[in-house]
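By letter and in written order, the chains are A, B, C, D and E; residue numbering begins at 1 in each of them.
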Amino acid sequence: MSLIQIKDLWQIYNDRVVLENLNLSIVEKSFVSIVGPSGCGKTTLLRMLMSEVFCTRGSILFDGTNLPKEPTRERGVVFQRYSVFPHLSVLDNVLLPIELRSCRILGKILGSRRYNMKEEARTMLDHVGLLRAATLYPAQLSGGMQQRLALAQALIAKPRVLLLDEPFSALDPGTRADIHVLTNRLWEETKMTVVMVTHDISEAFRLGTRVIVLERPLADDPTKGARITHDIPVHPRTKTKTGAI
Amino acid sequence: ATKKKFTLAWTVYVGWMPWPWAAQQGIVKKWADKYGIEIEVVQVSDYATSINQYTSGMFDALTITNMDTLAVPAVGGVDSTSIITGDYSNGNDAVILKGKTKFEDIKGQKINIVQYSVSQYLLDRGLQLHGMTERDVRLVNTSDADMAAAFLTPDVTAVVTWNPIVEQIDADKGAHNVFNSSQIPGEILDLVIVNSKTLDANPEFAKALCGIWYETLGIMLSDTPEAKKAQAEMGQLSGTDYAGFASQLKTTHLFSSPEKAADFTKGSQLIATMDHVRQFLFAWGMLGQGAASPNVVGIEFPSGHVLGDTKNVKFRFNAEYMAMTAAHQL
Amino acid sequence: MRLINLHPGKRGSKILAILPFVLLFAAYLAASAARHEANPDDKLLPTLSQMAIAMRRMAFTQDMATGQFLLWSDTAASITRLIEGLSISALISFVVGISVGMVPYLKKLLVPFVAAFSMVPPLAVLPILFIIAGIGEISKVTLIVIGTAPFMMRDLILRVEEIPAAQIIKAQTLGGSSWQIALRIVVPQMLPRLIDALRLSLGPAWLYLISAEAIAAQDGLGYRIFLVRRYFAMNIIIPYVIWITLLAFLFDIALRLIQSYAFPWFAGAKSQ
Amino acid sequence: MRLINLHPGKRGSKILAILPFVLLFAAYLAASAARHEANPDDKLLPTLSQMAIAMRRMAFTQDMATGQFLLWSDTAASITRLIEGLSISALISFVVGISVGMVPYLKKLLVPFVAAFSMVPPLAVLPILFIIAGIGEISKVTLIVIGTAPFMMRDLILRVEEIPAAQIIKAQTLGGSSWQIALRIVVPQMLPRLIDALRLSLGPAWLYLISAEAIAAQDGLGYRIFLVRRYFAMNIIIPYVIWITLLAFLFDIALRLIQSYAFPWFAGAKSQ
Amino acid sequence: MSLIQIKDLWQIYNDRVVLENLNLSIVEKSFVSIVGPSGCGKTTLLRMLMSEVFCTRGSILFDGTNLPKEPTRERGVVFQRYSVFPHLSVLDNVLLPIELRSCRILGKILGSRRYNMKEEARTMLDHVGLLRAATLYPAQLSGGMQQRLALAQALIAKPRVLLLDEPFSALDPGTRADIHVLTNRLWEETKMTVVMVTHDISEAFRLGTRVIVLERPLADDPTKGARITHDIPVHPRTKTKTGAI
């Protein structure tokens, strides 16, 4: 069954049509990559999925019902930047989602309950290879480590869908290759639904089970918005071979 | 029951320094206890602020001049009674010229002065006595705190101010004290006023104030080492020392006994003075907007004589409490 | 919905924005009415009509003594001083700020001194200032300069230092001398920032202007306030304060407009 | 070499840094000596020994009238007021700044009002303030609060708005409520920025303190300067001004140290 | 003859050896790409070539003599960012080098001489495809256009060597491909010596006539600096075929 259903979706900003009549179903446990030229509306689409902005026309169904009007725990996100909290240590960053859930009043746990939670957080850090950096602050991490942390933080909240907006585009090629491996492993283990926006086509194919191409028919014409020009299924086995860099 | 609490506000001026000193020495508490009340003696650094606060009802009593009482609380509808005529300025306020020796030389000069203060009254009287008017000079409002520094600058050639600044400036070689309050004795009066409503309901407050005042004067004006010590301490409180304070005291005519003060207050000179004052205030628009004549506010004297509107008496001179002190009835 | 996600509509926004002003106004009227009930001659909280009468007199009646319309002559005097003070301050800060920001020797020489100097409270040194500058117009303008220049200087030095090193290197590789780089690269980029610094200095400048006028003056808005304070004329003080606030506001807007018209590139460059 | 590429060495830098101070000091000594030559009683530029004597008296001799050591009691009084005023101001600004920065309804309600309010020159309302707040400690503290809070509030609102929207969205996707986001995300990030705002407010705070003490006080550094101004006692005023400058400087350093120790993450996050 | 000669070059920052005993000759009219992992000292090397920082030991000769102690007109640069002046319009940015040369006092030309210069600047803008944007400010340009402008500005000063520090890494793939073509064309036309730092290996090969790889033997050991591990000549004809994206 499809987890997300986008129907007749339009987005218009001040007479400029950004997205035109989009229709898209995303089934559970799939990894959808969205690619397209700069400014075609990829980020806009993702921001609608996380309820940061709202569509001009059309509707989005999430698990059969209307998408909530504000961000929720069910839809985790990782952005290109600003995805982790600079004032919390690596460990506290991962602890935060657990604490927010456990203590509605303070959002902070003290004492013995904290101990168990820390164990859970440490396991997650180990998983993404950040255990040794647990006491550092984000500013002390490299870009790649920061994005690993962002993934760990998003995953520990156990969202039903993970939305990624060019999560790896600020990283250099070596780091990017490593984190691709990690992302792939995490996705295979959790079998979470993922929607990832990228402008790196090889990345889209390497990670996705389905690649959606978004394009405006005429870049300069404000009356024609972007639409889906290609919808390419990717066969699991071919993935590891695509791309070179 | 808790004791009734009253506040007296004072500002730094030679004729008012006995108040904080009496508070420090416990004289205030002694008299307050005697009448079963509490008296708080509050210092305000800025004189104008103290008047405004009294007028808006934050103090029960205030040290103030006769002129300012009429211009602010009385015009502001706050009925006030003067219970102590403490002193008159006898040289404390002065017109000082730089490099010129005659008052007449003031013509055409720019004068640094605290406008709308007793200084301006003094200047006006001086001009009157020498057949001039304020149209013959130009005034520059200057804060009293900076008058001494201002006089040192070349573009300041004439100032009107009060002590201790007068002494500072007189010390300058080029300074000539061409007119001062000793030439209009008894016109610039330093009073203690009490809100009339408070006074009617609590005459014991006025009695206590008179008791404090004359006991303190008794100590500081006697010819004893204690008097010298008292004056030195008052000097210190006002930011100077014994010598400085004593010399200021020379130009201040303190009514040393309650009899003399009461007599002065009952005398006819006071009526004439207040008439000068109200004419002056009226001329400068300080009797309130739309004041059609100097008569808008009534001033009542111990004799029962009223200057101005008898239906709107807001300033009363009262000699009763000074007389009681003189008669040892406190 | 979370509180942080709730947005008032357009009309709601407008109503919300004027609400505090309306409330303040109403509170004043009520308090003033109550006090006049108790004492019809109350001076503390004058009624609207009292203020209106006072202002009509200040603005449209010739003063007996000087023959001037006081509100306008006061305003002209204050604004002249303010503009003079700020212009001199801006000029000095601009020249010093750019030289110090660009030349390492000057930086070492002056940065600690300017930092120490900016800590001196100008109001405390007033007596010294009078002696040096007299108590005429010069001292008022000087007080504004002393009060605002150290801040503007420090701000401009920081802004010059914020120019990416890459830009200065680039200019050198294009053959620019120190002087050419100052003239063509640094000065034009600092001009709009000088306006920002000026806007931030407007508040302090008014403050020092009022202090100076309170101490020695024959006219000016601050002079008038401190003068009529002697006879507790709140019916003049309150409208004057509102008028000063309005002027400060207009100055701010004017500077912003100048900035956006004279330096069209600046908004875009800043947001990058 | 271009002027902008010439760097003084380590020792050269130190010499350059102290040079202006030494020059100022020497100029003072020369001027003072010249004036005392002409008039041994000169009060304008007291000699070092005159200042030393005055300060010895202020610091180490009990005041006859009050039995206090004036320099220290003045300092204690002023610093108490300063800290009280700044603390209250910081507290109000922090609570208001964060709420307004986070909640759109509050933003619409209060931002224009605070903007208008911050344009009112506090010194102009001083006459009004003293009448309303009385002349006790409250009025002095209130003046500091009125003088510094609008700026701090506006600064904090801006800082809250500067938190990347992505962070707030992210916190929501982690299940945070408005209250939790305020408590765990916004408050901790604003604390070090509050210290920055406090540092910027120190100068104005001293200014207002000195103004307030000049009008209504029985002690305090500003009061003393104001009191002895009538006697033109520059031998007290100059050391007091230097002392105030030094205190301001120490406050600034203290705040910077607190910031770097209490918020070790801040320097790194800011430079990113 | 080699235009630049680097001999026994060391760079040590606070006990951390960044570059260790580098030796390198760059012949005139070559296009040298320098690649290597993040933090290995590529930028440091380039900054030494532009006299922004100075080596701890060793020497650099430029055209046979010691490198000047400050940046000069002979060595043009383009950085990843901040390479153009935000307060000047596109045309004025290109006009600037000419004006700086022609008027030592003001650095600004008015009147009829300006007209001729403008023509020269316009020709250059046309060359890089920015003629239509001549009146815009840099903030109004896309990233790719800004870098074209930076190239135009550097080239109009006619430097003998052009130093590029990751000039295209902030651009998206399509834009990057376009600007590669442009760079290649400009280089072939001017036959200028170019040293380009990049972390994109395909870019290095596509543009360079020689690829230098800089690497630290042990990333964590501060006593061992980066050295040249590979020095690969690239045959001109293969260039256009390497890499995909």
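Heads up, the rule we're going with is that contacts are C-beta pairs under 8 Å (C-beta built on N, C-alpha and C of every residue); 3 or more make two chains touch, one makes a residue touch a chain.
All values derive from a computational prediction rather than experimental measurement.
**Q** Quick check: more C-beta contact pairs in D-E or B-C?
**A** B-C
**Q** What is the distance, in whole Å, between the centres of chain A and chain C, each centre taken as the mean of its C-alpha atoms?
**A** Distance between chain centres: 48 Å.
**Q** Indicate the whole-number Å distance between the mean C-alpha point of chain B and the mean C-alpha point of chain D.
**A** Whole-Å distance between the two chain centres: 37.
**Q** Where in chain C do residues touch two or more of the other chains?
**A** Expected reply: 2, 44, 126-127, 131, 172, 177, 214, 226, 229.
**Q** I need the residues of chain A touching at least two other chains; which ones are they?
**A** As it turns out, chain A has residues touching two or more other chains at 70.
**Q** Hey, what residues on chain B touch two or more of the other chains?
**A** 48-49, 52, 56, 145-146, 149, 152
**Q** Any two chains that touch count here, so list every such pair.
**A** A-C, A-D, A-E, B-C, B-D, C-D, C-E, D-E
**Q** In their shared complex, at which residues does chain D touch chain C?
**A** Interface residues on the chain D side: 2-4, 6-8, 12-13, 16-21, 44, 102-105, 108-113, 116, 118-125, 127-128, 131, 151, 168, 172, 177-178, 181, 203-204, 206-207, 210-211, 214, 222, 225, 229, 232, 234, 237-238, 240-241, 244-245, 248-249, 252.
**Q** Quick check on the complex: what are the chain A residues that touch chain D?
**A** Result: residues 50, 52, 70-73, 75-77, 79, 81-83, 85-89, 96-97, 99-101, 104-108, 137-140, 153-154, 157, 159 of chain A touch chain D.
**Q** Spell out the part of chain D that touches chain B in their complex, as residue ranges.
**A** Checking each residue of chain D against chain B gives 44, 63-66, 127, 130-131, 134-135, 213-218, 223, 226-232.
**Q** Would you mind writing out the residues of chain E in touch with chain A in their complex?
**A** 37-38, 142, 172-175, 199-202, 243-245
**Q** Mind listing the chain C positions that touch chain A in their complex?
**A** Interface residues on chain C, with respect to chain A: 1-2, 5.
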